[in-house]
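Chain lettering (A, B, C and D) follows the sequence in which the chains are written, and residue indices restart at 1 in each chain.
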Amino acid sequence: RVLLGPSGPKDNPYPVFLASVTQSIDLAIVLGGDGTALSAARNLAADRIPILAVNVGGHLGFLTESPDDFDSETVWDRLLGDRFAVQRRMMLQASVHEGNRTNLEPISDRYLALNEMCIKPASADRMITSILEMEIDGAVVDQYQGDGLIVATPTGSTCYTLAASGPIIHPGMDAIAITPICPLSLSSRAIIIPPGSVVSIWALADPDLSTKLWMDGVLATSMWPGQRVDIRMAECDAEFIILRKDYSYYQTLREKLQWAGARIQYGNHYRN
Amino acid sequence: RVLLGPSGPKDNPYPVFLASVTQSIDLAIVLGGDGTALSAARNLAADRIPILAVNVGGHLGFLTESPDDFDSETVWDRLLGDRFAVQRRMMLQASVHEGNRTNLEPISDRYLALNEMCIKPASADRMITSILEMEIDGAVVDQYQGDGLIVATPTGSTCYTLAASGPIIHPGMDAIAITPICPLSLSSRAIIIPPGSVVSIWALADPDLSTKLWMDGVLATSMWPGQRVDIRMAECDAEFIILRKDYSYYQTLREKLQWAGARIQYGNHYRN
Amino acid sequence: RVLLGPSGPKDNPYPVFLASVTQSIDLAIVLGGDGTALSAARNLAADRIPILAVNVGGHLGFLTESPDDFDSETVWDRLLGDRFAVQRRMMLQASVHEGNRTNLEPISDRYLALNEMCIKPASADRMITSILEMEIDGAVVDQYQGDGLIVATPTGSTCYTLAASGPIIHPGMDAIAITPICPLSLSSRAIIIPPGSVVSIWALADPDLSTKLWMDGVLATSMWPGQRVDIRMAECDAEFIILRKDYSYYQTLREKLQWAGARIQYGNHYRN
Amino acid sequence: RVLLGPSGPKDNPYPVFLASVTQSIDLAIVLGGDGTALSAARNLAADRIPILAVNVGGHLGFLTESPDDFDSETVWDRLLGDRFAVQRRMMLQASVHEGNRTNLEPISDRYLALNEMCIKPASADRMITSILEMEIDGAVVDQYQGDGLIVATPTGSTCYTLAASGPIIHPGMDAIAITPICPLSLSSRAIIIPPGSVVSIWALADPDLSTKLWMDGVLATSMWPGQRVDIRMAECDAEFIILRKDYSYYQTLREKLQWAGARIQYGNHYRN
């Protein structure tokens, strides 16, 4: 049995799909770009549904299979015959709490993200400098004054984290990268911490109540003064079906991001 | 029984120590700064000798205990009574090989580093731009034109890697950070890869034969054209004895590196 | 005759002041931080009114005199006796136009900024990636995908430009610094162009009509699709009265921004 | 009358040329890449000899004309008929002095550079961290601990300065960019200062006497302890003959450095 529906910035078909089935869903095939794949992961990972993301938008993706690979063989045969690899990718979960870190009871939903959680103010007519305090595992680490904070997975390191001058992390690793967005401090720098860490963030001095939590660039919830958000590795992973036989992360980096250490390539005559 | 000797840029007492004992060494106490601790780790890690590094130089260290902690209690009692923590830190090993990656037989010693392996040319009267090709796990990743390449551990991420705008990585993680030094390319960026990866590097176009391999900033060996260096996680770890009860990596970052997301600190009145 | 009034994010007393006088204004004394001084400059520079900005907020400022200097001598005597220096600082002006660069007639006010003009989307509930096209002096230079673009003066280089990893430029120079905010491109980099250049910017692909022009972080106007904003050196300068005898830009950099090339200071015994 | 000779890392024909003529030289035509053009500028600028640099190496250059432009018309006719533009580029001069800045008498030659002066240690077998103190116009600005310091012209901003994460400056400007090379400080950042500034640099703590002054990457001289180097705008400019009719600096940036704010180009339908 197959369920069909549109997906996009204004359409989220997944809750209806998940509510309308009695059996567990075997597989989701999503057509679109990396954004479509992110949305599928946020909605399907908790139910452990593997995702086959097919890039139909034209641009090379980190998360999507090319339609060429899709067409090259009878995909259904491969899917039914279990002839595919599954790539597991770490996700993040976030929840909002009142007050300090000893208060473990969330007052919000549990939000999931595959790329990043972001704490950033939003306003239609003001440019707001956020002041955020961060604890890791219960110890105050730092305050950040600037455009906000990105807490990312390795998968997300090539997205907003990279734009904010953060590090590129191989998605085969479990790690959490914390990158300030345009910090008003010369000595600020991104940091990579173990996946078992819990990151707690407060918004200080937010008179216009504009601070918000974003998951993969989508609004999750507002954060009021006195509340903290706790971000940690999610209990579930995103599972992507890989059809390509020659998947190379480094090649995708080079082709999609034009990542390159040299502008001019030399020959290596030394390989024997 | 206690062996005593000087250590420094021109003194390496460890081979003599290791050769002159018949029993295994229980513990090394080294007095100095982070450089002294690095040297001890390179020389003692393979024999699994724990190191108590005491900072007598005055500057706060990432690897050293403060003499204040050292004096605050009868250290010998704690050491004899096993009342101390041991911090394990990942190291790197490197070896030089002829030709391509299928040639697994090294033609050099196995070099160890706690901070970083660095491939960089050296000359007394020329400023040399190196051209390096890098493979990871057998796939060509990129070429780098510039001052060289740093392959670092998380421990080393706060040293030369940081100076080359690389990422800061919590030393509780196992990971390898590859950071180009002054690359002549706008789109070059550091990358963090899984600890199980093997990084192979060739020096191309080196007419003056100036390329060298450095371990923690100390010359390991020259690299001739046609040779490659393989760098991977070492089989042994460095083991440091921690006497402090309240060790915080983030606090050391702030105090030693003046790492700071904000110049002005606000109060957080929200902790209840 | 002296006019008095409050100034702040919600108070702009300058239009009333300027409308209520029949004689020209000799001097404005503003009490506050750098933000107060910026607002005075935007409102008073066109009328060539010199500004004495006195820092009463506590934090060291780039634009403000310390109250200590203010009190140390009879300031009125110095002002009346012309015993002070005037520091001239380049400003930027911006205007919105329809269509391409040949259309020189503005459809907006002329906006002034002392720090920077910024083109950046604003929304209360969406995180928007802007796509901006930039021409300089009539030639297409580049497109920028990310959080926006900052076009700054040397004075502004130590503010939002610095947070976006742009260059620090001595305010004694005339120059325009263009810095992308979190660009989704590894090879993007700030550029400094001559002060006589005209920078034209279009917002492409802005379905939610969220792109806005900001002057020193304050909303100037919305930018609709098809409109371009032209930014150039303003015809007027900001003029600040300097009472200090030993003003040093580099010292302010070190003290206010903790700008520092070395964490540990060595003695220089070589000065004879 | 025409003089011919080879030029390269090991050949400097210019002193012989300059010594062997009785009349002034009208024009130098140099064939090669940017390095050849730099060498010609260093040697010919003081005599105000215009340079026609023709790129025969294959790679696009910032300083060289393409052989295509060279061939497209009778170049001799244009040169003899004065139908070409001359692009003036600011240079730097450096001299070594004993002790503090009041000692104006140099003890060295006057060195010229078109790209940059660089203070950097060099050694065949040690990796050396330099400790440099810098004054600007007689005021101590900062100390730098790291791989060295680059003092560059706008022309040089796209070379080593760019590799060290310094700013890109339009070569139509006069300015001096100071960029630390791999500084061991999180809060270090490049700075751009007015062209009339004098930059003085001392090497502190140099036990191996390895600090050297480099001009455009070529060794100028050693710097001994107690000596300072003074760097300022040169009295002479480099003069390059431009044959292209449509020279665009921004286009060269994009094509040579792959400088790009966006990976994907959108259409701008708004130009009317």
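Please note the rule applied: contacts are C-beta pairs under 8 Å (C-beta built on N, C-alpha and C of every residue); 3 or more make two chains touch, one makes a residue touch a chain.
It should be emphasised that the depicted structure is a prediction, and the values quoted were computed from it without experimental measurement.
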{"item": "Shared interface numbering between subunit D and subunit C [over half = same, under half = different]", "value": "same"}
{"item": "Chain whose average C-alpha position is farthest from subunit B's own", "value": "C"}
{"item": "Chain pair, B-D or A-D, that carries the greater number of C-beta contacts", "value": "B-D"}
{"item": "For subunit A placed onto subunit B, the superposition rotation in degrees, Cα atoms, nearest 5", "value": "180"}
{"item": "Computed distance of Cα centres, subunit D from subunit C, in Å", "value": "31"}
{"item": "Centroid distance [mean C-alpha coordinates] between subunit D and subunit B, Å", "value": "35"}
{"item": "Chain centre separation (subunit A, subunit D; CA means) in Å", "value": "44"}
{"item": "Set of subunit C residues in contact with two or more other chains", "value": "146, 162, 183-189, 257-260, 263-264"}
{"item": "Category of the chain touch graph - line, ring, star, complete, other", "value": "complete"}
{"item": "Complex interface listing, subunit C residues touching subunit B", "value": "59, 185-189, 256-258, 260, 263-264"}
{"item": "Subunit C to subunit D touching residues, read off their complex", "value": "98-100, 103, 131, 133-134, 136, 139, 141-146, 154, 162, 166-170, 172-173, 175, 177, 180, 183-185, 187-194, 197, 202, 204-205, 225-228, 248, 250-251, 253-254, 257-268, 270-272"}
{"item": "In the complex with subunit A, residue positions of subunit C that touch it", "value": "118, 120, 122-127, 146-147, 159-160, 162-165, 181-187, 210, 212, 214, 217-219, 257-259"}
